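Alright, structures below, take your time with them.
Note that chain A is present in both complexes that follow, paired respectively with chain B and with chain C.
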Partner chain A sequence: MTEVRSGLAPYIYVCTRMRVRKAKLLPKEEYLRMLQMTLPEITRFIEETEYKKEIDENAQFFEGIDLFEIGLSWNLAKEYQKILEITPGSLKQFTKAYLRRWDIQNVLNILRGKLQGMKAGKIKEVLIPAGGLDRLMLDRLISEDSPERVIEALKKTRMYPVLQKEFQGAIEKGSFSKVENELYKSMYAEILSDAEGGIKGGNDFISFLRLDIDIINIKNLFRIRADGFEEDVRDMMIPGGSFTPDELQTLNSLPTHDEFIDTLRGKLNRHPILEAQEQLRNIHSIREAESELTRIQLSEMERMSKMHPFSIHPILVYLEKKKYEVFNLRALARGKESGLSPERIREFLVI
Partner chain B sequence: MALRDVKPTRSELISLKRRIALSERGYKLLKMKRDGLILEFFKILGQAKNTRSELDTRYEKAVERMAVANTIEGAIGVKSAAFSVNEVPNIELTSKNIMGVVVPEIKASKVKKGIMDRGYGVLGTTSIIDDTASSFEDLVDAIIKSAEIETTMKKLLEEIESTKRRVNALEYKVIPELTEARDFIKMRLDEMEREELFRLKKIKARTSV
Partner chain C sequence: MADVSTAATLTIDMIHAQQAGLKAIGAGLAVGLTGVGTGVAEMGIGAAAVGAIAENKDFFGLGLLFTVIPETIVIFGLVISLLLMFS
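On to the complex of A and B.
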């Protein structure tokens, strides 16, 4: 990663644009209003927003709720690509790094689809080109004959070493879970090492990454504990956050939920998660814990973006909030389609 | 068996008596088998009711979880997680014998999987995918159990039905016809004996005159 110096003005410009875009996102009241709407009313409401274009573009390939979901996802992808275009210097590098998780998801979907012998059209349905790999590249990867050739085509990307190392084992085991975990771990390790390399604004990005890693690790600890997985969890944890993998392993081996929460509290010092200790202690489902942790992450990101108004934080906050706007609209439509009650759908909205 | 086809001979009477005894013994045995099968059937029926209601509950739960997963992760997220599943459960089919009825015994392995064995990584998914996968694994488990019990029940029912038909055939057709034939032969033999006696008396009377 090389540093691009271009003065403060572009940073102020892009951060202000992000704030404007964030202000245009749907407010909480709109979601509450939509909860009371029927599915056709929600669809009509969405048709009057910026999502119309992508929904219309995909109308010849999909229909019903699938069209709605694809339209929302493609809008998200386009929006992310636009943000990448307008962000300058190191902010662009950080934004690109943040969006790498979409590349991992897309590449894994292509590899799994290829391995299962799925048709190109079916694989394409689950791709969201929101990362660095654009539509053309993803189309090229889909058109490759075999998973091995897909990996060869990714030779110039940072995913390649991990894919090359882990792919054979995954084929033998018939499972890509280790590849997936290793890709995310190496992504965070590389981004952290890049950000720590003295790039302007790197510290701000590191503070986001640490928070992100902590939230992912703690969410996964809740999940793994609920599953009753008692073996070594270090491989499933991302190093670089407030906890070392050994500490996370110790946390996983604690017998009771109260002990887990108490030890977590003991290890965190002035961490935003501390605010939600009691809520996390009294949770009834893992889903509740995940929602609570997502809420903490978003509010902490918001706080950081206010403390550092001309940094990567306003961009990241917008990217995350945009993602949750798409998720919320999708949840509303899918929830209504499945006949879930407004109260139940409300539980799944991040507002 | 039409009476006109019956030969009124002693050997035929002996053979009929043997057949009647055999039929009655068979009738008793089949009746006992039928009662035994009905008892077994009611035992299985209780289990089948439980497994069916368990299956219904698990199906509803799995459908509900799928709806929630679609709501939270979207169809794209759910399909993407489904792409990771490469391993199908192993089904081993053997058979066992319940009162002469061969019923299947289904053993399944690798149905219920742990978080690390489902094919997707924990870092790119959320807990709702675990919940949904787990609900569907429970559903597959219930389907396998239900398949074993309901097939057993179906086979028992078929056997009860055929045994009942045999019992009824013996009770209302075979044994009455054989008894009727036996009685007919007995009657004919008695008749023939009387005729013979009468003829002898006639001869004796003529010779004495």
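On to the complex of A and C.
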């Protein structure tokens, strides 16, 4: 089913499957129940859900919290690869484009691990092979001797030009933040230009990308403002959203939080996420603001998926919600292990 | 005169035959077009039902039920065609 030849039916089929899968995700009440449980109880609870198979598979190699995390990551990766298999035609292209962000994350984790001299097994634990680079390719990258050789091995990927250009500077600075930023910027630019190339359903994907870029930029602005960073932020922002880098720079230079929120509202006039901006006015902690923005993004994506029921939107909503389910469970487990109070752990959850 | 009566008889026979033919075409169209309509309607419902069943076997009964609901359209067509043919 690589090409859509039979009209709308494959779209309806896949979108319905995604809706059923979305309905199987853990509801808010379960998280609230888990907040009151101990770590072994949570593990037992999770073993009765969709994650059982992956946790059982890894039980002989890992234990405790590591087993929990690896099980979650494997489940996420398998789920994403499975979805890629069943999506038809242009939806497959868009899903692949969406999953490219995992490649960036994996490659950066490998490079960081290599630079810090971590063992291959340890690096492998943090990778989530959900993107285009499969498990075999990632194993090959991990087995390379040096970061330079890792980059050479990526010669055929679209990441290569950016990595080649920025990597030396990153080693000199000792920070990968610029490389990461540039990789995401080039990824979004490429995906946007691909989607604008007249592929069927491209407009739906573009509307998701614009929302995604907006939310990332606004999250970054919240972070930058909290750090009191007053330099030029244009280079850090991803172009292609509702704001130009210049507008984002203007937003960053505003002195008070209220002014920042007001200008944001003014710029997002008639934008559906406008309503939620008022809630952000009273939030001053970065974590809360980020969670709120993620919730805004998810509800906006949900709205778009209802408006376009047989498009890429239902698939993207499920992919995002699944990702946050795994993040939530990981936060829960880590929080419980560190002995944090349920109230404190709840702040980290996107529910 | 004889020629005229023969021509009249032939014409009446022809008209009867023509009527029967048109009835048959109407009956065929009634079943055929409603069949196409049913097919189009079932395409979407069937695809969704199969998708739901693939994820959760419990949807089988409900999925099957919803998929065959548009069959009523073709049954209406069949009723019309039977009425046309045998009335």
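Definition applied: the second predicted complex is superposed on the first by the 345 of 351 C-alpha atoms of A that agree within 3 Å, B and C clash if a C-alpha of one lies under 4 Å from a C-alpha of the other, contacts with A are read in each partner's own complex, and residues count from 1 in each chain.
Convention: contacts are C-beta pairs under 8 Å (C-beta built on N, C-alpha and C of every residue); 3 or more make two chains touch, one makes a residue touch a chain.
As the structure is a prediction and not an experimental result, all values here were calculated from the model.
Peer 1: Judging by the criteria at the top, classify the pair chain B and chain C on chain A as clash or fit.
Peer 2: On the shared chain A, the partners fit.
Peer 1: Tell me which touches more residues of chain A here: chain C or chain B.
Peer 2: Between chain B and chain C, the winner on chain A residue contacts is B.
Peer 1: Quick one: is A:Tyr13 in contact with chain B, with chain C, with both, or with neither? Answer first, second, both or neither.
Peer 2: Second partner only.
Peer 1: Given the touch rule stated above, what does A:Phe348 touch, chain B (first), chain C (second), both, or neither?
Peer 2: A:Phe348: touches chain B, not chain C.
Peer 1: Quick one: classify A:Arg21 as touching chain B (first), chain C (second), both or neither.
Peer 2: second
Peer 1: Quick one: is A:His308 in contact with chain B, with chain C, with both, or with neither? Answer first, second, both or neither.
Peer 2: After superposing on A, A:His308 lies clear of both chain B and chain C.
Peer 1: Regarding the shared-chain residue A:Phe176, is it in contact with chain B (first), chain C (second), both, or neither?
Peer 2: First partner only.
Peer 1: In the superposition described above, what is the shortest C-alpha distance between chain B and chain C in Å? Please give a whole number.
Peer 2: So the smallest C-alpha gap separating chain B from chain C comes to 29 Å.
Peer 1: Of all residues in chain B, which touch chain A in the complex?
Peer 2: Going by the criterion above, the answer is residues 67-68, 70-72, 74-76, 79-80, 83-84, 86-87, 114-124, 126-128, 130-131.
Peer 1: Report the residues of chain A in contact with chain B in the complex, numbered from low to high.
Peer 2: Chain A reaches chain B through residues 65-66, 69-70, 73, 101, 104-105, 108-109, 112-113, 115-116, 118, 125-126, 128, 174-181, 184-185, 216, 219-220, 222-224, 226-227, 229, 236, 238, 286-287, 290, 327, 330-331, 334-335, 337-340, 345, 348.
Peer 1: Any idea which chain C residues touch chain A in the complex?
Peer 2: Checking each residue of chain C against chain A gives 43-44, 46-52, 54-56, 59.
Peer 1: Provide the residue numbers of chain A that touch chain C in the complex, in ascending order.
Peer 2: 7-10, 12-17, 20-21, 24
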